[in-house]
Every structure is written in structure tokens, then in C-alpha cells.
Amino acid sequence: MTSIISAQDYEEMKKLASLVRFMNSTGHNPATSGNYSLRSKTLPDTAFISESGINKSKFTEDNFIPINFQTKKMHPDYLSSGRKSSDETDIHLSLFQITKTNCVLHSHILDALLFADLFQGLPCATVEGLELLKGFKGIKSHDLKINIPCFDNTQDIAKLAETIKPKILAEQYCFGILLRGHGLYVWGESVEEAQRHLEVFEYIFKYYIHSHRGK
Amino acid sequence: MTSIISAQDYEEMKKLASLVRFMNSTGHNPATSGNYSLRSKTLPDTAFISESGINKSKFTEDNFIPINFQTKKMHPDYLSSGRKSSDETDIHLSLFQITKTNCVLHSHILDALLFADLFQGLPCATVEGLELLKGFKGIKSHDLKINIPCFDNTQDIAKLAETIKPKILAEQYCFGILLRGHGLYVWGESVEEAQRHLEVFEYIFKYYIHSHRGK
Amino acid sequence: MTSIISAQDYEEMKKLASLVRFMNSTGHNPATSGNYSLRSKTLPDTAFISESGINKSKFTEDNFIPINFQTKKMHPDYLSSGRKSSDETDIHLSLFQITKTNCVLHSHILDALLFADLFQGLPCATVEGLELLKGFKGIKSHDLKINIPCFDNTQDIAKLAETIKPKILAEQYCFGILLRGHGLYVWGESVEEAQRHLEVFEYIFKYYIHSHRGK
Amino acid sequence: MTSIISAQDYEEMKKLASLVRFMNSTGHNPATSGNYSLRSKTLPDTAFISESGINKSKFTEDNFIPINFQTKKMHPDYLSSGRKSSDETDIHLSLFQITKTNCVLHSHILDALLFADLFQGLPCATVEGLELLKGFKGIKSHDLKINIPCFDNTQDIAKLAETIKPKILAEQYCFGILLRGHGLYVWGESVEEAQRHLEVFEYIFKYYIHSHRGK
């Protein structure tokens, strides 16, 4: 435990690390993929981003790197460590800049890809009519439409991190985005809420994939 | 353990709470969904309904609220607790009013939705010809038809709780009902029988979904 | 442990009971379905048949009833016990009469039903070309055809137990039979071989179901 | 632990044996199928090949047989043991001859068969466009094509072991091959890399199978 990390933040890191290991065991992180982050409750403008290249079955609360999400710079105390945050750090930083999220999960779950493929060429996947939509924060009825912004995959993460911003801000309710052929980013105001939102997305994905197949 | 709860009722609560946690681990309660109830063996006209907003992985025998299923009123000893029974309490109360069930399970399992979709626009899903139908109480042959009443989803639970009554009473054999886009209510004369009926429903759902897809 | 049961037989019962609980945990026995048996190594013409109505998650080596498979009579020492062997006992007895099997498993696994449906109206399901066929006793190549006799479901078990005999005897290689809408009987010369054959059947079922669906 | 095996090799055998048991629990080795190998770090031209006929749930670091991959002869110290390496040993030996792999896994996972069937009659399965391709060693973008050589199944393993060589050498990136109706060979420069490559293959297989089905 690095001394710059408060007990309060460290507690959240433990919770998230536990979720990462669980997600790994249920297909979200094949081949060491996936990345995760938390907003610091004590350090200004700071996000804790998961370290690059860690086997997620062994991910712990000590595998986070503090980054200033405005300047995009690693905390000075970590510069000499030789450690590196995820290649997709910029996506996380954008989300901390423009939303109130405190926790971001990035999953490669296959259903996210199959679901996104049902909406090829469209800027959003629009879902509606499921009781479980009420698992999203603030949603009180199944009888509404939720847009999930979709983006083409790219290796230019810095550019993608800017592209997603206006699309997310354009939605009244936005809890996640899809990268085609790549995966899902999902977030919440706590680790628990991020996990709840993830469960809603997984359910939606499966429902649409299977419904589509039956037709 | 609240003093108004008899040892006999508390034993059943333990059994049901254990089943709730198992069901949670197998996809019945995504995003904290689902609700559960028992008929008291010792208190008159009383149902124990699961508390609202509990993460089902942590559900225990102490997460039940006693409600009079005729008056729909919470037991006076609980009024000052600040605790609240499930938003779908009225459905459970209706089932205790009109059937002999002692245990009700409400699952959001995705297969219930996909199955109900195969019978769109029909008042019932009719199933037949499966040996496993004999898992339903009183069924001695695969060679009969069972109707499962289906209802459109709504946020008006009080109204829905009345709508379901005549449909359930109209069936000779009725072990569960489906809410489209929402889930399954299933019941039995004991926790064990409710679970057995749930297993029959899950099997039926999968059989019809997969059979339909192959065609 | 009843005194008429030899240590040798009891050892096999432990192995089979352990397999029953494993099979239960993997979907072979929904709603307390399924039944199992062993040929005694020490008592003449005796099969040990699983007891009726036991929840398979709690099945133990003490849940077997000795039956003479020629006379179909329960062992005299068990007559006053009030215990009853499976309703499908006669199927097991037929298999001990006409084959060299020492262990019979009856599974309700859904894939057995979906697979049998691909061969509707045919007396056999014929499979070929899979390397895993070599998991069946005596099969040395993927390049052959195996017939799996299929029967319509019925509640007249005594009659079914006779109907299956000539169909099984007509096949050079026969490791199991299918009951449409009901399940699979599979057997082997030991508990281990019966399990291995079960794994081959499950693999075949899935392969054909998924291949068919893709077309 | 046989004395000819170095501590360094034995450590790798432990890792691989642990992976074998995990793979067995996740459907890669139905009915005792599958075989595995390591290149010795200390003995010249030596591969450790898994023993024939071992139930993979009980596979340990002591179930490997040292074989010279140039001469194809078993290490002299093992000749009198009566033990035998896998029937498919020659495939492993070819891979150690022509690639830099240090670890080979052979899985019968059903998805490998269903995937290969999508490319019937073609010499290779060509995949592209998935972010997870970056899980393969040296791949830095989703935007490329990877060929997976496919071969018809045969019982003539010696011949097959020669047939695969030029096809593997013809590919710039080759991490595995498919045998139709049989399974997948996958390899890596370490046990960890072989497992990572396996996870990429499983993901690709599922993606293509499900995408194809939706069409």
C-alpha cells in the first residue's frame, strides 16, 4: 500500500479488485484483456487505473496506478516504479472528466460483441421494454428507450477517448458504451452500482442476441 | 430473529433464504431483482415477503417482512422499522389469497422471457409431451397439456395482482405465471416443491426455446 | 450398510452415488428425476436399483435396493423396509438381462431430447465421423456409424422394457438408448466406463444439435 | 519424480498438469481425450509427452514421458516402465521440430469442431477484426487476418504429423491448427502463453459460431 493512497480509496480498490477476479472467472477478461478504474475520494482529479498486463485472476488492490485525469499524468510518486497503466487509460480518463462515475469496468465479454453486431452501421444500440432496465440508476419503468452509443474499434485510443465524449453527453441516460469487435465500457457511482449496471447490460445483450436468433 | 416469528416459520425462512442465494448464483436475480415469500404456519393470514433492495447474494432469513395478505398491512411490530417489502408484494399476496401455496419464488431468469416471447399475443403458453412435466405436483403422465398464464408487463402492480386471479383459478393445474419481458412467478406447497416446480419450468423453457430455434 | 451387501458391491455403490451427485449438479436430474443401477458382483442375478423419490443432490450409497433381475423381485430382506425402487426399474432389469453392463445411468439432460428430435420418426439416431466416438468401448476409429435406438415415451414401463430388447440386441455396438421427450439410458462395464460413455453421448448430442442449427 | 528430470522441467510440468486439470473441468477433455506436452529446458531434443489413457481430472506432473523429438524414441530410462505416451505423440514431436514452442495443448472442445465446420473444404480458417487477436504473441492490432490451418481427421497420425509441417511453416503467424471432427492443437513459448493462446482461440471460435448462426 503506497502511502499516497488513503484508507478510504484503498477500501474501494479492494472491492473493485475482488470484482475484477470474479469477472475474470466469468469470461470478461479472456487472455489477460480488460481494464478497470476508480475515482479517488481523497486525491484531487485523480483516477486509479488498472496496471497493464496483469493476469486478472491474480489482480489485487495493489495493481492500480494513480493518474491525474485532467493532465493525464501519472502521480509523481509512481514515475520511477517502471509500472504502466492500461493501454486504454485515456478512455477511463475521459469518463472521469465528463461523467459523475466513480468506477469504470471494461469487459471483453463475447455477448457485447454479438449484441453490437445486431446494430451494425448505427450510432447507437437502442433497447426497450425489459423490466430489468430498472436496474439502471434512475430508471423507474420498463416502458422507455435507452440508447447505448456504439463505436468502431481502433488502436488510436487517444482519438477514441475524444470521440466518445459528445456521444455520451448527448444521452439523458448513459451507463455504458460499446466498441465493435472489442467490448463494453460500463460505469456507476460506486463499485456496486457499476456491477449492477454490468449485470443489466449482460442481460440485455443475451435477450437481444437470443431474440434475434429466433427470428 | 423478531419475537413474533415462530421457530417453525424461522426454519422455513432459513430454507428459502438458502434457495434465494442459490438462485442468485444461477442467474435468477440479476441486478438485485427478484422477490420471494412464505405463508406463515403460525400467524393467521400472514405472508413473509422479501425485503426490497437486498442484494440476493446476501439474502438471509432475517430479510422477510410479515404482511397480512387479506388486509395487505404490514405487521404492527414492523411499522417503525423503516423496512419495506418488495415493490411486487401485491402479486405474492394475491397468490396466498387464492391458492394453497406456501412458498412463492419470483425469478427474472432470461429463459422465462424468451419462452414467453414464443407465445406472443396468447393468454397462455401451452406445453405438452415432456416426461419432466411429472415433476409438477399431481401430474402422472407426459401425455397432457399444461397452460401457463401469460401477462403483459406493467408498473401497476396493484392492478396486475387482481388481473392474474381469474386466470390462475381457471386452470386445473397452475404452478406458475409469466410476465412478458419481466419473469416468472412459481409456487409450491413447500420450499422444496416450489424449487422442484422451478426446475420443471426452467427445463420446459429451454426445451421450447431450443426446439423453436431449430425449426 | 445392510449386511447382505458385500464390501465389493458397497465400494461400487459409493462410486456410483458420487457420480449421481455430480450428474445432479450438471443438469442430469432436474426436479428429482433420473435413476441409476449396478449389477452385484457377489449376489447372483441381482441388480441394485436407485430408490424412488430421492433428491439426487443427497443421493448416497445407501439409496440402492437389491432386485433379482430375472424374477424382478425385491430381495426378501428389503420387503418390510417400505422402500421402493425407481418406477423405471424394469428398464434397468432388461439391460442387466441382455447386456454385459454392470452400471446403468438414466439422465434427463435436455440435450438428449433435442438430439432425439433431430431423428423424429426414425428407429435410430445414426452418428458418425467424430474422433470422440473412440471414447466408446471397442471403437478404434472416427470413421464408422453408430446407431442409437430411439423409442417413443410411454408410462407403460413394463412394455417398454420388453420393446427395447430386440433393438439393443440388433446393434453391434450399443452403449445407450433414447426415449423421446424423456431422456437417455447409458451403460458400461464399470461406473467409470458408463461415465465415459455418458460424456461421449453428451458431446455427440451437442455437436449434432449445434450443427443442425447452423444449417 | 524420475531422476533424469531437472527441477526446472519439473516446475513446468507442475504448471502444465494444473492447467490440464483446469481444462478438463471446462470441457476440453471429454471421455479421457486430449494430450499435452512440454519441451525440456535441460535435456537435448527432448519433449515430455502426456501419458496415454490417464483420466485428465487426475493428471499430475508425473504423467509425462520423455521422448526425443528428432529420433522419436522414448528416453531409455523409461523403456522398461510399461508406460506409453499419447497415441498422438507424433503431432507434438512435429511441432517441437519446426516451431519454437515450448508447450503444446490438444483440446477436444466442441467449439473447435463447430468452428472448423464453418470453413469446410478450405485449407485454412481465416479470422480478422477482433480486438482479442492481440492476445496472440506479436499481434498489435485487430486489423489483420490470421490463418488457422485445417486438416481432415485421420487415424494415420504419423502421416498427419508430416502433412501439417509445410502448412504451419507457410504462415507468418501460426498459433494452432484444427483437425476437423476432432479438435484443436495450440501452442506457446510457455505454459502461460499456450493458455493465453487457447483463450483467444476459444473466443474466436464462439464469436464466429454465434455470428454465423445469427445470419
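As written, the chains take the letters A, B, C and D, and residue 1 is the first residue of each chain.
Definition applied: a residue touches a chain if its C-beta (ideal position, glycine included) is under 8 Å from a C-beta of that chain, and two chains touch if they have at least 3 such contacts.
Every value quoted in this text rests on a predicted model; they were computed, and no experiment measured them.
Contact with both chain B and chain C is made by no chain of the assembly. Copies chain A and chain D of the same sequence differ by a rotation of 90 degrees once their CA atoms are superposed, given in steps of 5.
Two copies of one sequence, chain A and chain B, touch each other mainly through non-matching residues, since under half of the numbers at the interface are common to both.
With each centre defined as the average position of its C-alpha atoms, the distance from chain A to chain B rounds to 34 Å.
As a whole-number value, the distance joining the C-alpha centres of chain A and chain C reads 48 Å. Residue positions 213 of chain C each touch two or more of the other chains.
Against chain D, in their complex, chain C makes its touches with residues 129-132, 134-135, 140-143, 192, 196-197, 199-200, 202-203, 206-207, 210-211, 213-214.
In the complex of the two chains, the chain B residues touching chain A come out as 30-33, 55, 108, 110, 113-114, 117-118, 153, 155, 179, 181-183, 209, 212-213.
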